[in-house]
Amino acid sequence: MQLKSEALQTFHEKVEKEHLIPLWISAPLIMPAQPKTDAVPYLWRGELLRERLMEAGELLAPGEGGDSMRRVLILENPGLKAKGLMGSTTQTLTAAVQIIFPGEFAPAHRHSQSAFRFIISGQGASTTVQGEKVLMAEGDYLLTDRYCWHEHVHEGEGPMLWMDGLDIPFVKAVNATFFEPHPEEKQKVEFPVDFSRRRYADGMLRPLADRNKRGDPSPLAAYSWKKTINALKSLDELDEVDPFDGIALEYINPANGGPANPYIGNRIQMLRPGQHTKAHRHVHSSVHIVHAGSGYSVINGERFDWSKGDIFVVPTWAWHEHANGSASEPAILFSMNDVPLFEKLQLEAEEPYRENRGYQTVSKIFS
Amino acid sequence: MQLKSEALQTFHEKVEKEHLIPLWISAPLIMPAQPKTDAVPYLWRGELLRERLMEAGELLAPGEGGDSMRRVLILENPGLKAKGLMGSTTQTLTAAVQIIFPGEFAPAHRHSQSAFRFIISGQGASTTVQGEKVLMAEGDYLLTDRYCWHEHVHEGEGPMLWMDGLDIPFVKAVNATFFEPHPEEKQKVEFPVDFSRRRYADGMLRPLADRNKRGDPSPLAAYSWKKTINALKSLDELDEVDPFDGIALEYINPANGGPANPYIGNRIQMLRPGQHTKAHRHVHSSVHIVHAGSGYSVINGERFDWSKGDIFVVPTWAWHEHANGSASEPAILFSMNDVPLFEKLQLEAEEPYRENRGYQTVSKIFS
Amino acid sequence: MQLKSEALQTFHEKVEKEHLIPLWISAPLIMPAQPKTDAVPYLWRGELLRERLMEAGELLAPGEGGDSMRRVLILENPGLKAKGLMGSTTQTLTAAVQIIFPGEFAPAHRHSQSAFRFIISGQGASTTVQGEKVLMAEGDYLLTDRYCWHEHVHEGEGPMLWMDGLDIPFVKAVNATFFEPHPEEKQKVEFPVDFSRRRYADGMLRPLADRNKRGDPSPLAAYSWKKTINALKSLDELDEVDPFDGIALEYINPANGGPANPYIGNRIQMLRPGQHTKAHRHVHSSVHIVHAGSGYSVINGERFDWSKGDIFVVPTWAWHEHANGSASEPAILFSMNDVPLFEKLQLEAEEPYRENRGYQTVSKIFS
Amino acid sequence: MQLKSEALQTFHEKVEKEHLIPLWISAPLIMPAQPKTDAVPYLWRGELLRERLMEAGELLAPGEGGDSMRRVLILENPGLKAKGLMGSTTQTLTAAVQIIFPGEFAPAHRHSQSAFRFIISGQGASTTVQGEKVLMAEGDYLLTDRYCWHEHVHEGEGPMLWMDGLDIPFVKAVNATFFEPHPEEKQKVEFPVDFSRRRYADGMLRPLADRNKRGDPSPLAAYSWKKTINALKSLDELDEVDPFDGIALEYINPANGGPANPYIGNRIQMLRPGQHTKAHRHVHSSVHIVHAGSGYSVINGERFDWSKGDIFVVPTWAWHEHANGSASEPAILFSMNDVPLFEKLQLEAEEPYRENRGYQTVSKIFS
């Protein structure tokens, strides 16, 4: 067999030069038995993010450093960066933070990537999406579907800070990137302020004019925090608690019941005082920002303590569980995920952690 | 040609006995060039309806006169009744009014017909649908999808009155009727009171547990008046006025963006003070109940004056326009239609009235 | 109770004049516990149909008796006719036979009813549908989707005879009839003869130009008998026998896998020599034409003997079973049904006959 | 500005250590204005592929070198390999060639990747997919949908050679790989040989038993060359020529009209004698194998001459055109692409080459 093995080795080397690779040597690497990712669990402190954005504010303004540039810092997953993947928070998603100061303006552009914003703090800024000016307030969730023109402006006081989410790594992986600055930097505003949010004001009623619009993008460009918190509280009162995610809801598109953003899933989840969810894992990945309270998550045996403003990553197929550290206050996490992608492609899978009554053993503490 | 004509006549008579009919004599009747209906425009006074229901209250109680009977009066279209069609308000829809008194109970049943309720007046009654007790209050809109068990009970004070809508004539026309009394008269209540309405509390957020439920029936069993009026007002502020229907919205199913009731469309419309909509006609038919204000509608040239509680019919392909009679108060109409049916079957068509700047000439006044 | 009963009677009479009907007296009639139809099982002899069409040929030509008239005899269900429903073979469907002679031309028109043709005998005629001339040969199945312009012409020898199927009663019941003669009697032929059938020649391959056409009408306007019989034989060899329908296939639209005609289902079924299927019933109704062989069907206990050319009706919810009367030859039935309608509306239901090992007792013989 | 620039540089370095990257430096790389791929156009000679497979036949047998291994050589795109992507022919697709000798058996497994086979030469081998034994013959196209158990066996004479196609790189890029060897190496055969191909024998007729199966995987596991060539010829006779692809068809799933393989598109195209198609580019990538004839393709200005058995790659967004080199014989190419993926994700885009009447200038000849 030794001889055969040598001959095989010679064969492997020969075909490599001919740009051929035998399946028998590559299969375990390209077709592993279970999902493998280079992404690692990681956490960025909210304070650090804010501080760096403030520093960036001293150094450059929106529009500088490129046609339609914003003052954005992307959270790069160390594991993916090590493999040469730039700007990736998970294998498919990019999370970032952005700041804008009073009087500033971030020029309009559009692209094939989907985007959303979750407002961390501040007031008085707005984003204009496809001719509609959308006001931003803490806890609001705003949509920018792919190929929608969008720009930001701040006409209020104090810095305005938000989290951006996009599917940059996914669109890059499939080479389908298109990007275009707006020919006139600023869109014409064609609708009343906050038009879409006011049209879908309350309850599940659709303006008659939309009766044949069932597709994407969503007719609703923004979801107010007031409604989100109300929905969380109502579900809490009904004791509807998901074992892995606590009191949890997803933002949906009223036109079709699909995800608000057709290619990025977004959820809000509340952990009750003292609650500690069970662990599970799934193909989809997620990025969470702490909106209220404090606690920790255990991801693949590593403990990540978090408090308001922190952002952390749960990579593909990583075991994870969440715990509210307070005995009196709820903790609230907003998150983004790639569930819509995996659902469209029917590649989602999920597994509960079966040992130790569903709780991992903590073997490491992130710091 | 006379000879031929006689021979033809003889032929017609012969084949009739053989249960054959030539297309050349039947085509104009069975394939008319445009929609024809035996249904006529008609209006029932709210006062009359209330009075008759109160009288019926003296004469029998729910459960009497049949297994799972309710105290219901169906509004029969005179034109359809004349053709032998029983219980039809339009060719496809049945509108009815129902009353229930404190302490009464209408036993559970289910059927292949879809149903909804729109609450006219009273409080303290509830309907239990598929194990969920749903509270009723004035202006609320409640669903009973086909094959859902449902029963009514009144634990409050005073008479409770509502409008029922069903697709009885349509299901009858296609012979697909199924009806079944509940084996135990009363369902077990399996959920907290008003469970579904509280789960979909506010905003467009879906409880995580529903993430794979995109079908019918709607996860939301009831729509509160408070939200409905809020949505009307918001649209009013945005000046979104439909030329034929005023400020108008349709109730939708948050799971899929389809109609709240998959086989009956329901809308709420507000006519601004002094507003007079333009006339049009369409294949779908509708029945309207006046929820607030007063005014009139012109249907095929006949004027129907209406005020709170009145119910009127707009048959298939009838020209119609609506006018608010008040210079200061809005008028609000709730309506049912068969739009979902015609959309599923792709048989809807619509035509604006082009003469006289869109307004019909009134040639008759209904009384 | 007598008094109350009299008072009730008085009440019923009073409200009837006000166009109101109590549910407690109408419910059993308008919401029966199970499907009820006025349609009855019936059979028309093929010989009679042919004879009457030949006689009609002496009396009038296509185009006579109306703009775009054809020489068509509709098979009227005696039960429905008795209730005043004209031109109905089942509650939703119209079956008819049509004859055209060499040199004749049936002018173009279109309508909101769906139609198909199944060729009984003859050759050399064609139908032009939306600019495509489609050749007709015995056993071929041809489509005319709603609103498609269509006309017939006979350029061959001898009479050409076919069965027409339409959803006339259904479209009439919902008042959605539209009918229009072609402004120029004859369409322009825009494609090669038998274009669509040749484009979808063989196997399941779609011409690249159709890659974004997934809707109705079908891109395939005709199905050749050669393929149909081949498919029957292949399924026969595989022993795939439906207990109620024998060797059975349905014609489908290659663009979306739905029914070939989106609103009328069509099937071909073969009963093996000596085969006797089990009985069942369903909400959908059907009309069958005998294409080859002879045998009988038992419908609601009545036996209908049939041979080539005969057409018979299975009404809604009627128990039915089929038997091939020959010990050596297969029997082949082509049929039309309203399955697509009931599937779109989710109103289909089915029940196997459980007594007597699945076979009805024959209590009557049709003649 | 120099100062600011230095300060910015310092800032960039600082945040890099904190796993943050500014958008203003990364945007052009991660969000390019148009699709960019590391994949390059490339061609492998059919002779070389066959020779290497024969050599591999001397060195190892199926089953060696791993649980459920096959004798497969993957065609690695040099551009992607250089970036560390193993086993990728385009950014999303893997093309490979496989050989099996009489008496050999390749053990059963299943995985989350989709696969198909296109038979190059030989006879007598078969693949068993989900309990159905499917015969292979030259020009046949066979499906193995994701998660379907499959194995190969050769019971005939001489080597059997085919092309495999999978979406390995895509599934790897989103980390959704699952792979499982069959617990018993061999599946039980549960159906007659070539069951599915015989069930969907001819014409567009669906066996009644499949009436509610409208999803994936396709009910049809294999497409015979005889039908494919017949379809090509029929389209040729109709003169339906795509300007970019010649006479072209795609394999479809008869259950729903979608692609035969839900995640990989497959097409057959014929270039008429002397035909030279126009150039265009699109987001989707493709891999072509020459099934008959000879000619060349120009891809991004480089000319690739090809003849029977050769396989070449058209990467994302590469300009490309095809030419039949013969004046008398047609050339036939079978191809795989990622169109279904881009259609599901709505990321496809296409652009015709507008200069030089649609033909590129050849600046380089591949050898």
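Labels for the chains are A, B, C and D, by order of writing; each one numbers its residues from 1.
Note that contacts are C-beta pairs under 8 Å (C-beta built on N, C-alpha and C of every residue); 3 or more make two chains touch, one makes a residue touch a chain.
Just so we're clear, the structure is a prediction, and the values are computed from it rather than from any experiment.
Novice: Work out which chains are contact partners of both chain B and chain C.
Specialist: Touching chain B as well as chain C, we find no chain at all.
Novice: Where does the B-C interface recur among C-D, A-B or A-D, taking recurrence as more than half of the contact pairs being identical by residue number?
Specialist: When the contact pairs of B-C are compared with those in C-D, A-B or A-D, A-D matches.
Novice: Find the geometric centre of each of chain C and chain D from their Cα atoms only, then give the gap between the two centres in Å, rounded to an integer.
Specialist: Computed value for the inter-centroid distance: 43 Å.
Novice: How far is the middle of chain A from the middle of chain D, if each middle is the mean of its Cα atoms, in Å?
Specialist: 32
Novice: Based only on mean CA positions, could you tell me how far chain B sits from chain D in angstrom?
Specialist: Roughly 54 Å, centre to centre.
Novice: Pull out every residue in chain C that's touching 2 or more other chains.
Specialist: Touching at least two other chains: none.
Novice: If we use the touch criterion from the header, which chain pairs count as touching?
Specialist: So the chains that touch one another pair up as A-B, A-D, B-C, C-D.
Novice: Chain C touches which residues of chain D in the complex?
Specialist: 192, 195, 198-209, 211, 214, 220, 223-224, 226-228, 230-231, 233-235, 237-238, 240, 242, 245, 248-257, 260, 267-269
Novice: Please name which positions on chain C make contact with chain B in the complex.
Specialist: Touching chain B: residues 4, 7-8, 11, 15, 18-37, 39, 42, 44, 48-49, 52, 55-56, 59-60, 64-66, 69-78, 81, 83-84, 86-87, 91-92, 94, 96, 111-113, 146, 168-180, 263, 283, 285, 316-317, 338, 341-342, 344-347, 349 of chain C.
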